[in-house]
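Next come two complexes, and both contain chain A; in the first it sits with chain B, in the second with chain C.
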Partner chain A sequence: MNSPTLVFCRKELRDAFRNRLVLLLIAGMSLVVVLSVVVAAAGFHAKVVDYQSYVKAMQSAGQAENVTAPQLFPLQLLRGAIEYLEIVGSIVAIIIGYSLTAKEKNRGTLRLLFSRPVGGASMAAGKLLSVAVIWFAVIVVLGAIMLASVSLVGGITPSSAEVIKLVIALAFSWMYLMMWTAFSYWLAGRARRLSTALVVGLIVWLVVVLVIPQIGDTMDPDNQVPGGLFKSLQVDKPQEQAVMAHFSGYETTRNDLENTSISKHYERASFAYLGIKDKYNQQSLGLIWRDMWANVTWLIGGLAAALGLAVAYGKKRHLLRKA
Partner chain B sequence: MNATRTIVRQEIRLAFRERLAVALLVVFLGMTLASAAIGWSSHHTVMSVYQETVLQLGRDVPNPFASAPALEVVTNTIIYIVLIGALLAVVVGVRAGVRDRRSGVTDLVLSRPIGVRSYAAGKLLGVQAWMGVVLAAALAVSWLSVWLISRSPLGVADTGALVVFFALAWIFLLPFSVMGLIAGTRSRHESTALLAPLLIWVAITFAIPQLGTAQNPTAMLNPVPSAASTTDIFFKVNHAIFQPISITEHFKHMSGVIMRLPDIASTAWVGDVLSLTLVAAFSVGVLLLTTRTSLRRPLYE
Partner chain C sequence: MRAAIRTNGLTKRYNGKAGEPALADLSLEVPEGEVFGLLGHNGAGKTTTVSILTTLLDPTAGSAEVQGADVGKSSAKVRRSIGYLPENVEFYDSLSLEENLVFFARLSGLSRPRERIREVLSFLDFEGHEKERLSTFSKGMRQRVGIAQAILHKPSVLFLDEPTSGLDPAGVKLLRDIIVRLNSELGMTIFMNTHLLAEVTKTCTSIGVLRAGRLIYHDSLERTLRSFPAQDSLEEIYLHIEASGA
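For the complex of A and B:
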């Protein structure tokens, strides 16, 4: 049980608990995730208050109210939390992956390590295994906080089906964070200058997490007019689909562009399982899987590719290159 | 004054030699061009969707894009300044701070009769002059793109609006350059220096506006600022507390006013200018408080 991989893993776990920056980043990320659930709950409360004042006003005017009361689906309160994991979580993952190599390079301990019978692949596997454990612990704690928050706020205990869906979404989150960590570990190992690796990582993060999804949203014709294009044209859903059938080329381009972002795949899969996208709310796991398998496959593929790169290029000759 | 001017000139020269800064400049200009292309493509599609709706469904509804302003096609540039421009300002600021310290030039310069404030001001002016060059190039790209798309050059009023928008972007990016400079002159490692301003940027762009508006984080990527939720006391209080420092939201709102975007709820802009100017002035003030000891710290370690 004392293989180099496990020795590295244990050492990294010990280091992580001593590293104030890592602890601070994880705490900060967890804080914004919890905060987003609180904000979502307060937002829902505001909707209920609006609805009640509307009903009151209609009743005092002697008219029947024709708006349905807002319904609380606890998992939908987690939209902001997932988006924070998508945006802030990925940046924290990049920093953690980068620091796994950076600390060895800054301290000059790489040469010492490789003077022993240790392979780069064992080192990469051990370090990434430790991060896998850390992300697992973080996700478990966040999941517990999410469950407690939605139960407290909504006053509803999520059903077993909802808990399973949350666990699936959290598993996607774990894969997504691991992917960014492994990618950043690979970058830091490859780059001659550490700061270049960090900046390249940040540029990739900017493009994949923020710019591509933003372009996809901007290209959506319905987002071009305040309140929605089709609403302003007084067009209902079936008519909208009939009109948009004439723009299938444009829609395919838009969809293909969004598909180049792994963050979008993570978002789509998580939103579907949590019922944030109305189409999948309260639907069976089988039905959601039938629609989401491609996104999940992308996510697994992205993780496998990042891990493969990190292990394959984490070799002695790559890591010991001089700037 | 002469010393400051010399430092400014040196900073601009070095920024042009910095491969990473030039790479980010290319990315930024590329995105400015892409912004116009996306704007044109979306605009063209919406017009076609409108015509198809009228033809297919026989609807007699006004064209929602009939009164769209000329600058509407470059709306996405607002968000690219918030995303890429801010990152560029931080990277250039950090590099400017780290460069002199790493090569020992800071100690050498401060051994001459040059005040710390002159040195810091020179560095900042140099970084901001370079950001000015970047924004001027983006302005030219935007102006030419709109000309190509609409097949007629922009009028004086719209050109003026575009100039004001990029001038506003220069002020908006100033605190990010300052954060980069301060982090670059103080952090032991360049990577830590990059991380600190970046995390502050994440907080300013996503977390703080969310507290006052109830919007989800990705809604902050919309070029139009999120409206404040006014019904709930939780959001009212948060909005009052955090609005003055939500500089990305102020920048987006003011940009919308300048470009005359139809989605902007209010055209009041005094609060935006006040907030952006105060935050910029505060950040410059903090930079000018830098002491000789902190700049020469490596000598004492």
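For the complex of A and C:
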């Protein structure tokens, strides 16, 4: 098959594997993701060991029947990994998406490419397809390492239902990284100056990934004091809900604000399927979907919009405009 | 003889730029088999002309045809019939010579490019470097890569934008010889932008002079040299034409 899309895809894959910057960025991102899982798994293992030695001590004191096992769930160990993919992954995706266009503009090869019988849409599709393959490989490897870390370091084998939930969360991660890559590709092609595209990309990243979620988190009563406001006041869940019913306007504002960030949609959906959000821990896929479909729809919509823009604005007349 | 390139009232005005157009009412014919040199100072409109003829830029007014195909209406057909070497293009340093050429060959629609690449490299006397990455290549070698990618798909018209820019004297001579052979041995029509007059004298069969976007002179090189007996060299002829405007 020699369609221009596949020709571009093959060239970009070859180029990426020889590009030290791309390899370094992906390796760095993967390292922090893996480290967060390994550290969490080691902490999990320590809790299990503590529990087992506690059980042993209680058994020797003849009180084993009173010991209740701690509630430990392996997928909750992936909280840090998702947060790193959300924050570090998105900026790596922005740089990779930007470099797909920037390297052609800087080398002067765009004029050459557009003098061949190929269209900008084929070029955009081929380049983005190569990144889709790269992100897929990265996510698969990270998923395998996550499972291995949880099993080998944490000492617990996730059930098949948990593996399915992990696969769903990893699929969200792939969509999220692809969305930022396509967005940045579009931006670099759209802007007359590459420096402008990079600055705008970083500002959007700052607002969407850091500022809005941070404001939302700060407004959350659970985050106002360590451990949560209501827990520290020893207020149980029904009472908490009764209190919060008087602050519905505040909660709606907070929720609406967070809904403006695609990163928050990714985080909410991933946290729900991984059971990091207590409400969804050990729940069925159907129940989680019932609550999360809007977040997933936003994520799919964001990806579709970014890909659409990247392909639509990858045309010669946009890319060859003079700075 | 059939025209390989024909323009009629070709005009280009860049968006938002008032005043004189970058290219004004260019009407020109380059017959098949010619090596045409388009001369002019920087900013005269040479690159704009080539950009329109290679379908990279849409004209504001007028029309242009390459091998009988309209550059606007039949751009895909035009692209299949042309080769192009832009000024100061760098290619892909992380890829080898062969990988670069396979990429461009496939973009040009060649399904089995390796045999053709061998032929082209042999023609350019450039064999033995196939597996080397372009990051190790000199400027002169890169220009040969540029020529190689431009002729892989056997185009009938070749556009060269300042092909000897930045080359040392040996590189200039080598490239000049290649241009002459492309024309004489492969029969390619060559349209070359340049402001180096020494290469024009040794390679071109006809010349045109652009000044501020307007074609102020167009004739065969032989007649040009005969028509200006008072001038000793093409350089003096060019400066005379530039100054007098005709």
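Structural remarks
The working rule: the second predicted complex is superposed on the first by the 281 of 323 C-alpha atoms of A that agree within 3 Å, B and C clash if a C-alpha of one lies under 4 Å from a C-alpha of the other, contacts with A are read in each partner's own complex, and residues count from 1 in each chain.
Just so it is clear, a contact is a pair of C-beta atoms (placed from the backbone, for glycine too) under 8 Å apart; a residue touches a chain by one contact, two chains touch by 3 or more.
What you see is a predicted model, and the numbers here were worked out from it, not measured in a lab.
When the shared chain is aligned, no partner comes close enough to touch A:P70: not chain B, not chain C.
Within the superposed three-chain arrangement, the count of touched residues of chain A is higher for B, of the candidates chain B and chain C. Using the contact criterion defined above for the overlaid structures, shared-chain residue A:V32 touches chain B, although it does not reach chain C. Chain A residues in contact with chain B (one complex) as well as with chain C (other complex) are 106. Those residues of chain C lying in contact with chain A across their complex are 14, 51, 54-58, 76, 79-80, 82, 84-92, 94-95, 99, 103-104, 106-109, 111, 149. On the side of chain B, the complex with chain A involves touching residues 20, 24, 27, 31, 34, 38, 41-43, 45-46, 48-50, 52-53, 56-57, 59, 61, 64-65, 76, 79-80, 83-84, 87, 91, 189-192, 194-195, 198-199, 202, 206-207, 210-211, 214, 216-218, 221-222, 229, 231-232, 234-235, 262-263. Partner chain C is touched in their complex by these residues of chain A: 2, 4, 7, 11, 14-15, 18-19, 106-109, 111-118, 316-317, 320, 322. Residues 21, 25, 28, 32, 35-36, 39-40, 42-43, 45-46, 49-50, 79-80, 83-84, 86-88, 91, 95, 98, 102, 106, 194-196, 198-199, 202-203, 206, 210-211, 213-215, 217-219, 221, 224-226, 229, 232-235, 239, 242-244, 246-247, 250 of chain A are the ones touching chain B in the complex.
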